[in-house]
């Protein structure tokens, strides 16, 4: 697609990566990485706030996917698009994430008040 | 970004390089790298405040990605709510619980390894899914239209003014807006505000004295609940 | 107005009204007014209503069957017995209505039904019973006022020495009273022996309730049980008699009844009366065919075997042979047994000679009860039944009855001589009067016996109520503590005097007299004519005459000791007072009736006349027949009205009564004779009488002790053998159960517990999975997701490679 | 400018783009940095005048107008201290975070019709959001300096800014509602013409809400009387107690930048943006499309106009700072939650009903057809209303 690409090797690189318009898959990869790091964050952090951050990351990863599927720019020929729903869903996800963060933070504060720690490993009062 | 530039008449290699660059892709790569790197940094850091900092950067980069995808409103919303709201809440929490033992709680490395393995598996699965569909991989410069928040706003009010290439006019006429979810979310937000305020309010612990013990107990229990 | 439909309606209502009040008081009694005070009103209203209905029935009866004057003198004029025989043979069936309201059970020959048999006797009985019952209800409303509030029984001492204290039982008393009235009227109206037996037992129950009204007192509960058990003895005989009748004749109805038989064909069922005294023999007594066949069962079997081929032949053959068998005397014993059996029931209920011991003890009940139940009505039920059953009785049964009555009246009179308890005296006089009635029936005086029943009902209830009033005033039964009460309670004294005069049959000879005068005279006359007819049995008349003397003596002894002379106990006499008006009014009413009950109104109406109208067919004639005890003559009753006999009897009665009164006066008023001296002189006899002829001891020795011995033996067998056996069985079962339990615990429970523990262990192990560590949960979720995705990609690859 | 370079100068297009972009960034940077210098000097003078003293007089002539430059040089030369317990990375990064925040906000801020870094259709939203980011740097600084003063300052700052974003957002929404667009350019264009077209005078509700906006803006950039983050009387210097030298100066640049930004925003939202009180250009007959040069100068004049208004706003802030005493934190919160928020809400509703009943405001409403007001609301795909003329590029810089 780039006529000047044959001129030099670097052109290939450029034309290969930088000169191509991005596709949905690129966004999906970003979303996947965000999502995964969020999950790992939840799985690894012992700090309650860390887990909250992990949740935020996960939600963002999902949002990226929604946006990607709903974006008018990435709408290739014959590729299905969810149109406006993508943005709307992402919007609601963000709003609910804010609400979730507020409540989760309040819970964490209560937990801190009662156990004087935010170590989630000590929040096993309900263990079997 | 505009489609690929026409061939360069002067043909300087560097210029060619620069000229060959698709700015849209470039910016995307920048933001994507920032987002992913900061996300990974969030995972790898132990210090809570630094985690929050990296998270801000990651979310900001994500907002940039949204802008690039033409979802300006969502991007701005991301900035406003996450970066300006959620994270300030988080930092609040950090401050309130920021004694030295809690700022960084070490995680047993075995857990880290396990989490890494699990995460790798999940990532692999996700990437598999991401690459499994051809039409997704097909790079496409969609129809170029100036981004606008109007369709989204109207849709939130229940009126769909956006175009759906896949929908027939008949179907397009009956596409439903998001008025109901919008209302639900707003009420939900209100409830959450009240609830969070109630949960996080300051507990005053009175030492119950003699006769008012019962009432005081009721009050304290009610307060703790 | 059709009496056949009206009379059952009226009398049936009169019969059921007390039942209504009984049910009402049973359920709502305690809630009727304060302490159930209004329950008295309810019961009284009910019995008064039934009195009114009975009077209406009486009016109906008289309007349909006007009473023709009993012209004794006409018979007296004609001295030819043959004519009278002819007349008596021409005597028609007495007017009577019978029917069934409701059939309890009907199967084969047996038909148990609630029915009615109404004749003049029934109507009269209704009127008398309801009238006396009304008076006594009113009286009791005043007498029982102690029961209105909490009642402290001073004769009952609790273990802690205090007196027994209980809430009042006012409403319960009237509830039992209503039930009694219902039962008594049921006996009176009953149309068959089975129904009579049912209500017979009901009155027994009522008297048990009422005697044991103060059941906390040992004596009261003992008396109640005694009365009940002694009556059982009589009822056993009665059941035997009923079985004999039913087994032989297949019916217990008095009158003929018609109705669909088992085959559904409208057939006429002959009743007992028409079976025993069929039209064919002009209502002369004969052994019914059924009894003959029953007795000649072996002959019948032979004949049936001979004609096994053709049954109808055997039927006709048997029909032909019946008369021969009857002539040969088949079935007489059966008829005798039937009569004796029914009489046994009456002996029990009417306290005749062997079984009279319960009646004196029955005085433990409240005095109104003694008046109503144990003097006027219930004890008279036996006599009534005898009267109702009279046609079936063979002459030798009558002889037994006569002797029983004679013994009873003399024996009771002798005991009454020495009794000091005022109610005891009255109780024994009751027994002896009942003896009079039985004697009268036995010697063929059907009218006389029942006549005395009615008059006695009036004056004896009067006497009892007076004694109750005295007791109410003195709070004691002992006559030796009384005396001179005439001044403080003139009404009671006067009415009681009337009662005494009536019971001794006082009157101006041949002119007029109190009610007792007529009835007792007719009894004496009948006894006299009987003893003339059968000289070997002349002792009966002697007993009757002596009984009259004794009656006069002890009655006036009672009156003098109570009312005349000087008070013996100052404390009692100064506390004595006239009873309230509600108690005096019934006394007056009864006194009036005690005077006039025997009179015949101009136009010939009178109780005697009505009874004469109800006389069973075929009993008006003199019967001379050879029976089990050889030849016996039952003189016709109107023969006793023949001048000679009648005058003799009247004079004898007057003389004996006067002698008795004079003797009593000499001993207790003029003090010519000292009772103590007399008692000292006749010490052995006195003690013998005082101890009631040692009857209780005798029965105790003969029946009670052996029964107790047998009972103890049985109990020892029970405890020693049966219980041991059962214990052994139980022990074995227990051992087996132990083994079973061991199996259960070790094997079954072991299995269950093993399952349970397995589940428990599994749960505990799985619990460790639930660490409560958020991060582990996240990892689980992720692993699960990945696993699902991998599986999906393995099995659904096509969908993934879309 | 890019076209100019391409067509006349003949530079290759990519070079033109790059140059244009860098020039724009340079301009914005200079606006902030230079503005900061000027404003610091101005504040000193004004404070001195208000306190009846002279202020800087010597450095650079008689007005001491080089004082700030000298201070800048001194700061550059100063040693950068960092406490031992400090979190090094965050301590270093915090000032730049704040500065970047206020700097990024300028991307969407139009100085004139075309003088805009990146024209966003959600400009207002973007600006407010990015302004909210500034507090993050402050919090990081307060935390990272491992000092109680700094921590307290940061805490106050956080609480204050987060709570003041609510009424601020409400105030901003009103002009958006009136204009029917979140594009700052469109909003400003709607107010073209005489000053009565300014939304400030659109109706009484907007007039009231303008002052609410002023209050909230001052609070959100934590200037006095809301400068509790740096309460030198209580906390030594608040969140930047431990800072010195260049990093400290970055905080100041961020502060003055955001001051300027909110003033410019107020000017655009309520005071007609680059449209002067009197439509001079229209009177002179200079309208769009009368030649690039004239056009360019018109826009330059508009740019000066807007800058003037913004500067005026900044000066007013200084005036307020040196006039009013500092509030207590609880008073600050009371002001926000008990007064600003309800008032803003009521005014918002009122303005909405006014818009429904009297479309187009008191004076113009009668003469103006309602359809024009709804412009760009109900029209179909592409939101043509918010973009005048066909837009060929997503991101293109047109200085």
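Letters are used for the chains, namely A, B, C and D, taken in the order the chains are written, and counting of residues starts over at 1 for each.
Just so we're on the same page, a contact is a pair of C-beta atoms (placed from the backbone, for glycine too) under 8 Å apart; a residue touches a chain by one contact, two chains touch by 3 or more.
All values reported here derive from a predicted model rather than from experimental measurement.
Set side by side, A-C and B-D show the greater C-beta contact count at B-D. Centroids of chain A and chain C (each the mean of its C-alpha atoms) stand 107 Å apart.
Inter-chain spacing, taken between the CA centroids of chain C and chain D, is 122 Å. Mean C-alpha position of chain B lies 26 Å from that of chain D.
Computed from the mean C-alpha positions, the centre of chain A lies at a distance of 6 Å from the centre of chain B. For chain B, the set of residues touching two or more other chains reads 1, 8, 19, 21, 24, 70, 73, 77, 85, 92, 94, 111, 114-115, 118-119, 122, 129, 144-145, 151, 162. Those residues of chain A in touch with two or more other chains are numbered 39, 43-46, 73. For chain C, residues touching at least two other chains, in rising order: 775, 779, 782. Because contacts link the chains in a way that matches no line, ring, star or complete pattern, their graph is best described as other.
For chain B in complex with chain A, the touching residues are 1, 3-4, 7-8, 11, 13, 16-17, 19-22, 24-26, 28-29, 32, 35-36, 39-40, 42-43, 48, 51-52, 55, 58-59, 62, 65-66, 69-71, 73-74, 77-78, 81-82, 85-86, 89-90, 92-94, 96-97, 101-102, 104-107, 111-112, 114-116, 118-119, 122-123, 126-127, 129-131, 135-145, 151-152, 155-156, 160, 162, 164-166, 178, 181, 185, 188-189, 192-193, 195-197, 199-200, 203, 224. Looking at the complex, you find that chain A touches chain B at residues 1-5, 7-8, 10-11, 14-15, 17-41, 43-47, 49-50, 52-54, 56-57, 60, 63-64, 67-68, 70-81, 83-84, 86-88, 90-92, 94-99, 101-103, 105-110, 112-114, 117-119.
Listing the residues of chain C that touch chain B in their complex gives 775, 779, 782-783, 785-786, 789-790, 793, 800-802. Contact residues on chain A toward chain C in their complex (touch as defined above): 39, 42-46, 51, 120-121, 123-128. Every residue of chain D that touches chain B in the complex is listed here, in rising order: 12-15, 18, 87, 89-90, 93, 120-122, 125-126, 128-130, 132-133, 135-136, 139-140, 143-144, 151, 154-155, 158, 161-162, 165, 182, 376-383, 385-387, 391-395.
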